[in-house]
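Next, two complexes with subunit A in common: one pairs it with subunit B, the other with subunit C.
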Partner chain A sequence: MVRLVSGMTVTERQIALVVLLALSLIGLAMAAGGRGDPMGAQGFVVLVFSVGLAFAVMAGYYAPEPDESRLTRYYDDPTKVGIVLTVIWAVVGMAVGVWVASLLAWPELTFVDQAWASFGRLRPVHTSGVIFGFGGNALIATSFHVLQRTSRARLPDQFTPWFVLIGYNLFCIVAASGYLMGITQSKEYAEPEWYADIWLVIVWVVYFLLYLRTLARRKEPHIYVANWYYMAFILVVAVLHIVNNLAVPVSWGHAKSYSLFSGVQDAMTEWWYGHNAVAFFLTSGFLGMMYYYLPKRAGRPIFSYRLSIISFWGITFFYMWAGSHHLHYTALPQWVQTLGMSFSIMLLVPSWASAGNALATLNGAWHKVRDDAVLRFMMVAAVFYGLSTFEGSFMAIRPVNSLSHYTDWTVGHVHAGALGWVAMITFGSLYALVPWMWKRETMYSPKLIEVHFWLALAGTIVYVFAMWNSGIIQGLMWRTYNDGGTLAYSFLDSVEAMHPYYIARAFGGLLFLSGAVVCASNVWLTIRAAQRERRGETGTDVPIVAGAMQAGE
Partner chain B sequence: MDVGKQDTVTGRITTGHEWNGIEELETPIPRVVFLFLGAAFVFALICWVLYPTWPLIWTYSKGLLGFDQRATVTRQVEQAAADRSVWTTQVMDKSYTEIEADPALMHLVTETGRTLFIDKCAACHGVNATGGTGFPDLAAKAWLWGGEPETIEETIRIGINSTNADTRTSQMLAFGRDGMLQSGQIADVVAYVRSLSGLAPAEGDAARIEAGKQVFADNCTACHGEDAKGNKDVGAPDLTDANWLYGSDVQAVFTTVYSGRQGHMPNWGAKLPPLDIKILTLYVHSLKKVAP
Partner chain C sequence: MEIAHDVVVAFSKSWGLFYLVGFSLCVVAYAYWPGNRKAFTRAKMSVLDTDDRPLGDRPLGPEA
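Presenting the complex of A and B:
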């Protein structure tokens, strides 16, 4: 802690303390104004969080100022902390995922008769935990790293990146703890209430400005394509988040708010947001990650500069129209549905162009893919990206959607993308990044990376196949008629038919979670080994295996 | 700076830029990308021409097919109803006896009735209609209100203790809580009632049976009858058979007498069309007792 604080100038430490003080006052106001309402509890979370951090800053307050030589180095402390947070959120978010998957297979597992332990409250902890906690931290941590390296510029100051990273995690904690108390806007992937949303807007604007300020300081004549993707991620998520969360709170002291939209307009706004969250959070941001770590690890130039640029604009343009495919056969006017469907089909082209660009970049490095599990993570991610974007365009076709919608097929599709693409590219990038950040040759144990790879791949395949089967069976059972022209199966019949697949899904998830735990241990051991080496204890008990990687800097 | 290098693997030239070791090749966009983009656009164009797609100021482009999802679903529902009417009109027109004498029609009715029953009734009565504590076992035929199809239909339609104006109303009084009987008397009558259906008496109950018989005669016969066979006019259960809605152990029966009971069945007439109620009636009437 003291070491992290000592990286900031004294002025920055003072700014940090002022911000934390202001934040703790906001927390106090929420706790006082929201007494008798769940918002009071949220206020205490904010209060404890900010006061705790203020103590941490004060502990390092009198550490000597960082000398001027820091400006000749990149500022990587926030990235390092971001990596640790990423791994923690991965384990927590995925563990809750296995929990809710088990609840679906064995509902009697609700072992405590408490509202917080019910499926409805735990599920958003899983979704937000993995998307925002795991994915978001990974994006922030890697974006700081990629931004500095590809701009050859240090972050403009030492306070802003911490504000972004820590402020973002405060949002995640407030969101997750709120779900357990029953606070939700009932908008999928936009569950946090108005005060959390406002805070995220502040953090996000600072994030975007930080990005622009660093880019403005760049020593490279051109902006590398990864930064385009990261910037699209930041900018568009801000727009989506603000519009979809327009709402009027019941009062300043209540967590509850009412959306500005109602009925089908609300549904359309939500899925315009929801689908573009997939596009710009889970795709664009991670493509930025891929465009840096994959060529770096493979030691190969990007297959085609032009392809990466037209894919970028293709994805950015087409995705914006696609959200209405979530509302086929609903009260949404049909012309909006046709638009959503047709743009979803065209979207496949830039998606596959991106996946193809990644895979073609590996030409000349396939022997590394064979030998290096880190690169294999990234390769498999690109393959799953291609597969799930194809599946997504396919499912957006109205008649296909009439079978797949409301079934587990959708869940399977999301996880093909989330496990196969997002998590795989993240783990691959983390394994490349961690040794660079902690100045080691390799991860503590390359063997554990190999173990993680196979656990993750097996888990993804078991999960996705289980949900394909389950979803298609559900869809068919819901549309099978008997001789008399009545539905042949009751809803309960279809629930019973899901049971074996739900068990398989929980098992697949467990495999994937085990992989994340292996990753966490490996990262932990790497950091510890690095610290021991720095203290000059490099001993014979640390296995340093020369890998197939290149130095990062 | 902007002079590319040749990549040894592909033979391509790089763009000449380099970011921390990453370079990009000047590979032209593969033709297949344009081909697919063209194909996808043609597909989209066909959709736009055929289906309603583009918003105009006051309306939207209707598409050549004149396709409208509301009209389509209305037509499909009408068509499905017309297809079903082959047998559903028979169900509506014929009497219960006539329908039950027609195996082909009964096959269609029970097939449909099963789905309907599980979707609407199974939440309380169970998938196999065997009920549970507080919810009657419909397969056991221990009818509270009568097992004739017409009576079953009435029960489904107006419900029991429901919000319907004509609801069947039934209540087991809270003899203990409301001070009509002392605890000892309740224990006596519980022992007696349990003995009626041949249950093994609990410890000390044998001595109570005689006294309980008197308590029963004084308090319970109005509804349950002198012979304790119940009264279907008020939904009072037969106490001599082996069916126990709220359990047969001493504690459960004691609670019933002490605190009373009042079950609830919704009036499905408010939610289901007469056809569905008739199908459900036939289905329930056709249920066979499930082996325990």
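Presenting the complex of A and C:
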């Protein structure tokens, strides 16, 4: 902690303290004004979080200032902390995933008779935990790294990146703890209530400005394509988040708010948001990751730079119109559904262009893919990216959707994308990045990377096949008629038929989770080895403050 | 309300198409513009550079 604080100038430490003080006052106001409402408990979360951090900053307040030579290095402390947070959220989010998967397989597992332990409250903890906690932290951490390297410029100051990273995690914690208390806007992937949403807007605007400020200092005339993808992620998520969350709170002291939209407009806004969250949170940013770490790790330039530009604009512009495929056969006007369907099919072109570009980059280096599990993570990610986008375009066709909608097929598609693409590219990139950040030759244990790879791949395949099977069975059972012209199966029949698949899914998820745990231990061991070495170099067991010299690393 | 809806539909069904085609042409032109070739090749190779320091414009510290 002290070492991290010592990377900031004294002025920055003061700014940090002022911001934390303001935050704790807000927390206090929420706790006081929200007495008798869940808002009050959320206030305490904010209060404890900011007071705790203020103590950490104060502990390092008198550490020596970083000297000017820091400007000759990149500022990687926030990336390092971001990596650690990514790994923690991965384990937590996926553990809750396995928990909800087990609840679906064995509902009697709700062992504590408490509202917070019910499926409905745990499910959003899983989705937000993995998407925002794991995915978001990975995106922030890697974006800081890629941005600096491709611009050849250091981040403009030492306070802003911390504000973005820590502020974002405060949002995640407020969101997750709120779900457990039953706070929700009832909009999928946008569950957090108005106060958390406002906070995220502030954090996000600062994030975007940080990106622009660093780009303005760049020494490379051309902005490398990975940055375009990261910037699209930041900018579009801001727009989506603000519009979809327009709402009026009941009062300042109430967690509950009412959306500005209603009826079919509300549904369209939500799924315009939801689908573009897939596009710009779960795709665009991770493509940025892929376009940097894949060529870097493979030691080969991207196959076609032009193609990466064309697919960038294709993805940004087509995705915008595809959201209505979530609302087939609803009150939404038919032409809007058709529009979403057409754009979803067109989307296949830029999506496969990206997946193909990645695989073509590896073409000629297959021996490296065979020997290097890190590169294999990235290759499998590209393959699953191709698979899940093909599947998505297919499911967007209205008659196909009439079979897949409401079934586990959707959940299978989600996790083909989430496990196969998002998590695989993230783990691959982390394994490449961690040794660079902690100045090691390799990860602590290349063997464990290999173990993780096979656990992850097996887990994904078991999960996805289980859901494809159960989804299609479900869909077919719901549309099978008997001679009398009535439904052949009751809904409960279809629920019973799902049981074996739910067990298989929970097992696949457990494999995937074990992989994540293996990754966490490997990262931890790598960091510890790096720390040992550093202490060893300085000879004695020096007090932590002396570490200030390395602060700018 | 009815009119507004009809107008929007008509507009998106006609101009929407042209705007998208025009936009795609611009993107392809940009990607294949001969003058951009050098910058793109440089960008694509620069990632592989192993020099892990910012290019400074200020007085360099002791280590540089």
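The working rule: the second predicted complex is superposed on the first by the 536 of 553 C-alpha atoms of A that agree within 3 Å, B and C clash if a C-alpha of one lies under 4 Å from a C-alpha of the other, contacts with A are read in each partner's own complex, and residues count from 1 in each chain.
Just so we're on the same page, a residue touches a chain if its C-beta (ideal position, glycine included) is under 8 Å from a C-beta of that chain, and two chains touch if they have at least 3 such contacts.
Keep in mind the model is a prediction, meaning the values are calculated, not measured.
With both complexes brought onto subunit A, simultaneous placement of subunit B and subunit C is prevented by a clash.
Contacts of A:106 after superposition: neither subunit B nor subunit C is touched.
In the superposed pair of complexes, A:69 makes contact with subunit C only, with no contact to subunit B.
By the touch criterion stated above, A:484 is placed in contact with subunit B alone, subunit C being left untouched. Touch criterion met: A:295 reaches subunit B and subunit C at once. By the touch criterion defined above, A:313 reaches subunit C but does not reach subunit B.
In the superposition on chain A, A:492 makes contact with subunit B only, while subunit C stays out of contact range.
In the superposed model, A:149 makes contact with both subunit B and subunit C.
Legend: residue contacts after superposition of the two complexes on their common chain; A:258 is shown touching neither subunit B nor subunit C. In the superposed model, A:353 makes contact with subunit B only, not with subunit C.
Only one of the stretches 38-46, 56-64, 92-100 or 128-136 belonging to subunit B overlaps subunit C in the superposed arrangement, and that stretch is 56-64.
When both complexes are aligned on chain A by C-alpha atoms, subunit A residues 149-150, 152, 220-222, 224-225, 292, 295-296, 300-302, 305-307, 310, 335, 339 touch subunit B in the first and subunit C in the second. Residue ranges on subunit A touching subunit C, taken from their complex, read 67-74, 148-150, 152-154, 219-222, 224-225, 292, 295-296, 299-302, 305-307, 309-310, 313-314, 317, 335, 339, 436. Subunit B contributes residues 1, 7, 9-10, 14-15, 17, 19-30, 33, 36-37, 40-41, 43-44, 47-48, 51-55, 60-61, 63, 67-69, 80, 83-84, 87, 108-109, 111-112, 114-119, 122, 127 to its touches with subunit A in the complex. Listed in rising order, the residues of subunit A touching subunit B in the complex are 149-150, 152, 220-222, 224-225, 292, 295-296, 300-308, 310, 329, 333-335, 337-339, 341-343, 345-346, 348-349, 352-353, 356, 360, 363-364, 482-493, 550, 553. Put simply, subunit C touches subunit A in their complex at residues 9, 12-13, 20, 23-24, 27-28, 30-32, 39-48, 52-64.
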